[in-house]
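Going by the order they are written in, the chains are A, B, C and D; count residues from 1 in each one.
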C-alpha cells in the first residue's frame, strides 16, 4: 500500500480533525451502539424467537465491519504490535471475535451470551469519543481532584455498614429475614443509600428504631459526596488559574490575571 | 370589529401588564387547572359513575371557554395564520377539540381518554405564565448553562447502566427475575437512581455484592448533577458583584449598584 | 397578686434570659416531649393494655401541669385576651383540653386519639425554643430567601408529575395497577422523588422504559433544590455584609470591611 | 527489658513515621479486617458448617496476635494504667477477649455471636489510621463545623416525622398497615428519607395524597444537609487564599504560599 494512502487512512481512523475522520468516528459510534442493542435484544426471549434470523444477519454485518476496522487499524498504525497489545487494541479484538467464536462453540447458550456481551467493553471507545467534549474533561477533572476525599468517604460508609449490619443481625436475626451478617450488611447498604428495595425490612420495633437512625444517617451522609464534588466543580469554575509555568522558577497555578510570579516575583510573559 | 376594540382585546389576551390582561391570565390559568383536574377525576371509576353527568357539563363549559378564547386569539392577532401554526397555536387548538371529537367518536373509551389527555399539553401555557416570574428565569438559565455537562452525565449513566445491567443478567439470570438484558438495565437504573422498587431484587450473594457496589456508585453519582447545578446557581448569584476595580485604590468586587468605592470612598466611574 | 410577683412570673414564663426563665423553658420542653411520647405509646395496643393505668395517671399529671401553665400565662400577661386569641394562645389551650374532653366524650376511641393528638401542635413551641439557637435562624433565613425559587421548582415538579402520570396511565392502564390518573400521578411522585415503594411498578416494557426516563429525570431534578439551598447558605456564609445602616443616606448591606458607604461615599462610623 | 528496646517498640507500636511503625500499622489493619470478615463468614450457615474448623483456627491465630499486641502496648507505654482505661485501651481489650470467653461460655450460640461481634469496635482503630490521611481530617472538620446546623436539621426532621406520622395514623389506621403511631413515624422516616421499603404503603386516596406531600417535602429537605456540608467544604477549600493585602499595591487574595504579589511583583511581608 502506498505510503500516502496509509497516512491518509491513519488520519481518518485515528484522528478526528478532518471531515472524513469525523465521519468515520460517527459511523463507528453508531455501529457500536447497534451491536450493543443487538446483544440486548437477543436476550429477550420473544424477540430472539421471532426475529432471530434477522438479528443473526445484522450481527454478521457488524462483525465484518468491526473486523475490517481492526485490520485497517493494524495496517495503518506505525507500531502494529504496540497497538495490538494496548488496552484499546485488546478491547477492539475482543469486540470482534465473539461471532467467530460462536461458529465453533455450540451448546451452552449462557456461555455464548457472556461471550457476546464482551462487545459491551467497546462502549469505552464511545467514552473516548465523548472525551473530546470539553465538558467531560472538566467533570472527570473534578472527580479526579476529589478522588482522595471520595475514597475516605466510601471507606467510612463501608465500616459503618459493617457495624450497623452486625447490630441489625443481632437484633432481628435470621427469623426476620436478616439471614447472616453479610446479608445484613447488604441490607444496611440498601438502606443507607436510600435505595430501599423492601425485600428485607426490619420487623421488630427495636429493629425499626435502629433502621430509622440508619436512614437519617444515610440522609446526612449523602451530603458528603455532593459537598465534595460541588466544591470541586465550583473551584474549577472559579480558578482561573492557568497552566502556564513561571519562566524563572517553573512554579505553576498562577491566577489568570497575574503579571508576576507569586513565588519568585519574576515577570510572567 | 373596530380597530380600537381589537387592539384592546389583543392587549388583554396576549399581554399581562394591564389589570384586565392580568385578570384574563389568572382566569385562564384556573380554567386550565380545572380542565386537567376533570380529566384526572374522570379516570377514577367511582367518581365517573356517580358524578359523570356533572363532569360532562363542566367539561362542556370549559370547552366552550377554550373555544371562545381560541377564536378571540385568531381575530385579534395581526397574522392569524402565523399564530395558528405556531407551537402555542397548535397546543391551543388541541386543547379545544377533544370534546367535539368525543361527539363523533364513540366506542373505544380508552382512545377517548387519550384524546382528552391532550389537554394536558395546555399546561405548558401555565409554564409560560410562570416564566414571567424572574426566579424561574434564573433557574432555567442555570439549567441551560449546565446543559452540556448534564448531557455528558446522563450518557455516562446510561453506558454504566448497560454494562452493569448485562453483568447482573449474567450473574442472576432469568430464574431470579432478571428476565433479559433490557429488563436488567431497567433494574440497574432503578437501583442507581436509588428508587429501588423491589419488584426485582438480587437473590444470589454475588448478585447482592454487585448490587451493593451499584448502590454506592449511585450514591456517589448523584453528587455530580447536584454539583453542576449548584455551581451554576452559585455562579449566577455571585455576578451581583462586578469585576470593576476602583480607579483610586484598585479595590475590586464592588456591588453592582455601587457609586462609590467601599474601600477609599472615591467615586466609581 | 402583687405587681412585683406578677412581673417576676412574667419574666420566668415569657422570657428566657434569667436562670429561672431558662429552667422553666427546659422543664416545659420535657413536659411537651413526655406528653407526645405518651400519645404515641397509647396507640401501641400491647402497651395500652399492660400499662394503660400508668399512662392515664401520667397524662393527668401532664395535663394539670399544662393547665397551671396556661392559667399563669393568662394572669401574668398584660393583655390576656390578646394572648388567648394569639396563635400560641390557641395552641396552648388545645394542648390542655384533650384530657378534660375525654371525661365527657366516651365511645369512639378513634375520635379520642385524634383529640389527644392535638397536643402535637404543641411541638411548635419547641420549635420556638429552637429558634433561640442562632443556627436555626440562619437555616430558616436560607430557606426563606430561596422560597420563590423553591415554589417555582415544586410547581414544575407537580406539572411534570401530572403529565408523566397521565402518560403512564395510558401505557400501563388499570390492569397493571395504575388504577386511575390520580393514582398514576401518585406513582410518578413516588418515583420522581426516588422513594419507590414498589406497591405499583410498571409491568410492560414500554412502561419500564418511560419509568427509567422518569427516574433519571428525578435524579437530575433533585439537584435543583439542593443547588438553590446550597447557593443560599454559601451566600449567607460569604456575606459578610453587616446590618449597619449608613449614617448619611441609610443604605444597608455594607461589606464588613467597608470604611465608606458604597452609595453616597460618606464615612461609616 | 532494656530501655532502648522498649523505646524502639513504643515507636513501632504507637507511631507511624518510621518504616517499621508503618509496617506494624498495615499488618494490624489487615488483621483487624480479617477478624471482622471471619465474624461475618461464621454467621453464614453453610460456610460455618463446611469451613467451621478452618475458621476456628484462623480465629485463634488472630486472637493470639491481638493478645500479643495488647501485652506489648501495656509494656511499652509509660503509664500502663492510663492506657488500659483509655477509650482505645478498653476497645483493644474487648477485641481480644471474645475467643477466650468462648472457652468458658458454651451453649447460647446467639450470645457468643454478640460477644464475638464486640471485635467490630476495633474498626475504630482503622478509623484512627484513616485519620492520618489529611483528606479525612478536612472532611471531619467540615462535619464538625456544621455540627450545630445538622443537629437543628435532625431535630426538625424528627418533629416533622412525629407530626406527619400521627396524621397518617389517623388517616390510614391499623387496618391499612399503620399499626400504631410509632410504627407510623417509622413509615414517615422511611418515606421522608426517600428509602421507601414498601412494607407499609398508604392505601386510601387521602393517605396517598398526604404521602405525596411528605415525599416532595423530603425531596426538598434533603437539600438542607447537602447545602450545609457543601458550603462548609467550599469554605475550607477557599481558605487557601489568605486575606493579606499587598503592601505595595493593596491587591488581595494571595495564595497561602505566595512570597511575592501576583499583581505588582512586590515582596509580601
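Here is the rule we use: contacts are C-beta pairs under 8 Å (C-beta built on N, C-alpha and C of every residue); 3 or more make two chains touch, one makes a residue touch a chain.
Computed from a prediction, not measured in an experiment: that's the story for all the values here.
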| item | value |
| --- | --- |
| Labels of chains that are neighbours to chain C and to chain D | A, B |
| Interface sides of chain B and chain C: same vs different residues, half threshold | different |
| Which of A-C and A-D has more C-beta contact pairs | A-D |
| Whole-Å separation of chain centres (CA-atom averages), chain A against chain C | 42 |
| Averaged-CA centre spacing for the pair chain D and chain A, given as whole angstrom | 28 |
| Chain C, residues touching no fewer than two other chains | 182-183, 185, 194-198, 222, 226, 228, 230, 234 |
| Contacting residues of chain C [partner chain B, same complex] | 148-149, 151-153, 155-156, 159, 162-163, 166, 169-170, 173, 179-183, 185, 191, 194-198, 201, 205, 208-209, 211-212, 215-216, 218-220, 222-224, 226-228, 230-231, 234-235, 253-255, 257-267 |
| Partner chain B, residues of chain D touching it in the complex | 194-198, 226, 230, 249-252 |
| Residues on chain A engaged by chain B in the complex (per definition of touch) | 36, 39-41, 43-45, 110, 113-114, 117, 120, 123, 126-127, 130, 133, 135-136, 138-139, 142-143, 150, 154, 157, 182-183, 185-186, 189-190, 192-199, 222, 225-226, 228-230, 232-234, 237 |
